[in-house]
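Next up is a structure, given as structure tokens.
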Amino acid sequence: MGPTVAFIGLGIMGGRMVKNVLKAGYAVRVQNRTMAKAEAVRALGATVAVTPRKAAVGADIVVTMVADPPALAAVLEGPEGVFAGCRPGTLVVDMSTVDPATSQAMAAKAKAAGLRYLEAPVTGGVGAAEQGTLTIMAGGSAEDFAAAKPLLETMGKKVLHIGPMGYGSVLKLCANLVGASIITSMNEALVLAVKSGLDLGVVTEVLTERSPLIGRTAPKVLSGDFSANFPLKHSHKDVQLALSTARAVGAPMFALGAVAQIQGAALAKGFGELDQTVTARVLEEIAGVQARKAPGA
Amino acid sequence: MGPTVAFIGLGIMGGRMVKNVLKAGYAVRVQNRTMAKAEAVRALGATVAVTPRKAAVGADIVVTMVADPPALAAVLEGPEGVFAGCRPGTLVVDMSTVDPATSQAMAAKAKAAGLRYLEAPVTGGVGAAEQGTLTIMAGGSAEDFAAAKPLLETMGKKVLHIGPMGYGSVLKLCANLVGASIITSMNEALVLAVKSGLDLGVVTEVLTERSPLIGRTAPKVLSGDFSANFPLKHSHKDVQLALSTARAVGAPMFALGAVAQIQGAALAKGFGELDQTVTARVLEEIAGVQARKAPGA
Amino acid sequence: MGPTVAFIGLGIMGGRMVKNVLKAGYAVRVQNRTMAKAEAVRALGATVAVTPRKAAVGADIVVTMVADPPALAAVLEGPEGVFAGCRPGTLVVDMSTVDPATSQAMAAKAKAAGLRYLEAPVTGGVGAAEQGTLTIMAGGSAEDFAAAKPLLETMGKKVLHIGPMGYGSVLKLCANLVGASIITSMNEALVLAVKSGLDLGVVTEVLTERSPLIGRTAPKVLSGDFSANFPLKHSHKDVQLALSTARAVGAPMFALGAVAQIQGAALAKGFGELDQTVTARVLEEIAGVQARKAPGA
Amino acid sequence: MGPTVAFIGLGIMGGRMVKNVLKAGYAVRVQNRTMAKAEAVRALGATVAVTPRKAAVGADIVVTMVADPPALAAVLEGPEGVFAGCRPGTLVVDMSTVDPATSQAMAAKAKAAGLRYLEAPVTGGVGAAEQGTLTIMAGGSAEDFAAAKPLLETMGKKVLHIGPMGYGSVLKLCANLVGASIITSMNEALVLAVKSGLDLGVVTEVLTERSPLIGRTAPKVLSGDFSANFPLKHSHKDVQLALSTARAVGAPMFALGAVAQIQGAALAKGFGELDQTVTARVLEEIAGVQARKAPGA
């Protein structure tokens, strides 16, 4: 029988990733802030714990997949946190998107508690999470990476060791800052096109040559269905982490600074829970148009 | 025997496109501002004319592929221009990247001279020009599009009629504004990554998932070989045309405005003839690093 | 008796400036596109001409004060333009805000027509135009400046010879780009303040320490009365001329690029004829507030 | 005899402000991280304490004037912090520039410790600090403002009660975001002017009409003497706090976002300790010029 895995965080991504861990035959204990999501995974064979600490007790490896640095601190630290439940030497693998400073701080706290720590953020979105084809970018020691690799390969197709602690997070932030920039640029182009009278179907077809991300996300804008694949609040969190990391190392971000403000404008309108593509609506309101395709068109 | 084609403009793109026209069996007369480039095409079977007017005399269809709106006006208008050489009813097909206002103005002048006019800008870059796999986005009447289509299909794989005059240009500008934004964002990410210590090979691999354009252009940055595939001055010209067109129709361009300034900074440094990816050097100078891969690394 | 002055362009600024020329005792012939404004000046002693050419015939000095480079070309060139009416050696003084390239082009055309040319754009706004206390920034030869100076001193308190042709325009564009940036920044601050619950009266009082321009313009935002002192379309024209001039000489404009896009968003909403402070409404709509003071508050 | 004042933080601003408190006859105990600065104030009659707690013991009112939120937390909290030394009911007046969230958090902690808390950030710069003519913008209760007012009036000419806790900080951030924007815009204009050949003395004279801040700060750029009146790192800290506060309340900051990136570029070059005007050097490097006046010019 394989090792026992504690899996903390069953959101849009985690809830899909854990299924592939289960399918691979691991014994899994899950924990989530809202219990309902944990119950859905119980039906697939997981054990449900009520706190991160309880999930971690007796686990061989602990995976966390949560929203942002404060959420990560909340599940790892404190009397009911993961660190409090692990036995010495347990490997904690954080797959959330955080900044390198957070990974380094958490790794230091894990070490102080006698634990091992790997950061392993992912790209690929909901579809790749579902199919176990994520790209996983690990930062940490070679041994910890080797120890986590079999488990990570149940969730990802490309499992890469990027470098020491924090390097995985930097790469993930790079991927997401480019993603957010592409979507913003796509929205600017779509609004220009619709103001000019073009049919948005053919525009999307041509722009998709620039990026498959456009092929996957433009339909949300054209349909006006902004239910979240990747919520704006998370995309904006990543952009802000990229900006603060860039500030810390001294890397200029002129274009990303503008992207952040457009996202901020959409957040100001209360669109945080909607899909990141909803920045289109800020541009549409300014332009007095809607970049929509009529149904059946 | 097929129709006779006059082909004006044998730069990085035109010089490759005309070869596919020749291969398809058309009789071709070429003209270029610098004669040396025309001579190279003569060896492949083309006739060389010394002015646009002389190339146009007796042609059934005239293709222009030049740098920008002033260059287009220079080859079409005036006593030695295309319009002066065409017989009534000749179809002029401009494949340059210009703004919709320029296409509309030139079409009106063509009409006043008893000629037909189609705009047909292209995407795909040097490789697709070479292989005849460009995407071609035509604006104009359905009849003119139909008349040009067989010729255009010798150069492109996807030959689309986007709409009336100007629509092709808008779509081309949309494609290029997204392209310029992606490359700028890639450069911001590469500089963040190198400042953070990451190996740029793996960064490029991950970012290429976001856009195949990154796969094609990041190697220029990593090698430091900024010889032009697509010169910065042309990319910036397109970005400026996109901004002015957006201004004319009332479409906001917050992110593209920042991209334009980064390009402008690179132009200020005298990098206009280098590849559009050379904006990396502006960011590198600010950050005090070089986003290069050591040879053999 | 003093020299005869032709004064072309009687808009918000010109209509006030010409009164000070009349008060100083000059014989004045005026011309304006819409005749009604010219009639109002006739009552003060001016002669009214129906075309720029007719105003210029027999004048010793010609002043133009129009909206932008195309409007300037329209009054100077052509069969009914100023150049066609002047006798050889007449001094043409353009006080409009244009870019240095336009001044240089017009000066060359004036020279070709045997005329003298001075650019002399102004700052200070409506109030200073009324009171004859403008700052006037001349570009051209020392002799032409000396010849124009007595006339210019009827309109301005500070009459400066900045340098050769184009230098006055550059300085004027510098003044206006700083002005547009201050107003944009003020609007960002006002929206932040009102979203945070602050009383805008005291905010304005403190911000006015930063710039007297804020003291003069914030009341428009707080009252919601956006009738134009300086129309947005003119401010945006100046910002665009500053951007294109900066591009031509290779000067970076990262912040002004963002200012231009905010103005563009306000123009897209149809606010071009309103006061330049109306960019506040773009920011207000995004933030879902109004930066207004209740009457009597 | 008047109340005893503890004054914590003797930097560029605090070291000047405390002198006016002493002149007004208060008994003052000072504390500073680097003792040398405290010794300089001892000569003027102050008592020197070695920790914030020791300065606070027995004080009737405590003033803090430090660099940023972490520095404020460091002097207020912990076993050697101000809160640990105050007797119940003591009024703590923070005059640092922080964000409203920090003021609110510190006020809550003060209250929990049985203390009173007022935020009272200042504008006016080094000169006004020296002369006791600062503008002081207080946030907190009316009683606490009334209690602090006599003391604040020794340092400021305009002592304003802006509203409840946090409102003073918002207004201070508004003032500083406008200030940073003005200086950035000035630098863009100066580089445009010098690239265009203009004499910067007259440019500065004209731009100073836009803002007295330009009159005070342009000479630093023109002389190339970037010794700090207001260090870039502090200006950037304020801009970042303005951006994060704007994000929290949903206020768009398109132009300030660009200003932040220009400042970030200057920080990346290691200019943090230099004057905030040093952003000019980033623009100068891009443009390949220096916006300097020759000595004696």
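Annotations
So that you can tell them apart, the chains are marked A, B, C and D in the order they are listed, and the count of residues begins at 1 in each.
The rule is short, and it goes like this: a residue touches a chain if its C-beta (ideal position, glycine included) is under 8 Å from a C-beta of that chain, and two chains touch if they have at least 3 such contacts.
Source: prediction; values computed, not measured.
Chain pairs A-D and B-D differ in how many C-beta pairs they share in contact, with the greater number at A-D. Distance between Cα centroids is largest for the pairing of subunit C with A.
For the pair subunit A and subunit B, the distance between mean C-alpha positions equals 37 Å. Mean C-alpha positions place subunit A and subunit D at a centre distance of 38 Å. With centres defined as mean CA coordinates, subunit D is found 51 Å away from subunit B. In subunit C, the residues that touch at least two other chains are 246, 250-254, 257-258, 261, 265, 268-269, 286-288.
Taken in their complex, subunit D has these residues touching subunit C: 100, 123-124, 135, 137, 160, 162-163, 166-167, 170-171, 173-175, 177-179, 181-182, 184-186, 188-193, 195-199, 202-203, 206-207, 209-214, 242, 245-246, 249-259, 261-262, 283, 286-288.
Residue ranges on subunit C touching subunit A, taken from their complex, read 254, 258, 265, 268-269, 282, 285-288.
On the subunit B side of its complex with subunit C, the touching residues are 240, 246-247, 250-254, 257-258, 260-261, 264-265, 267-269.
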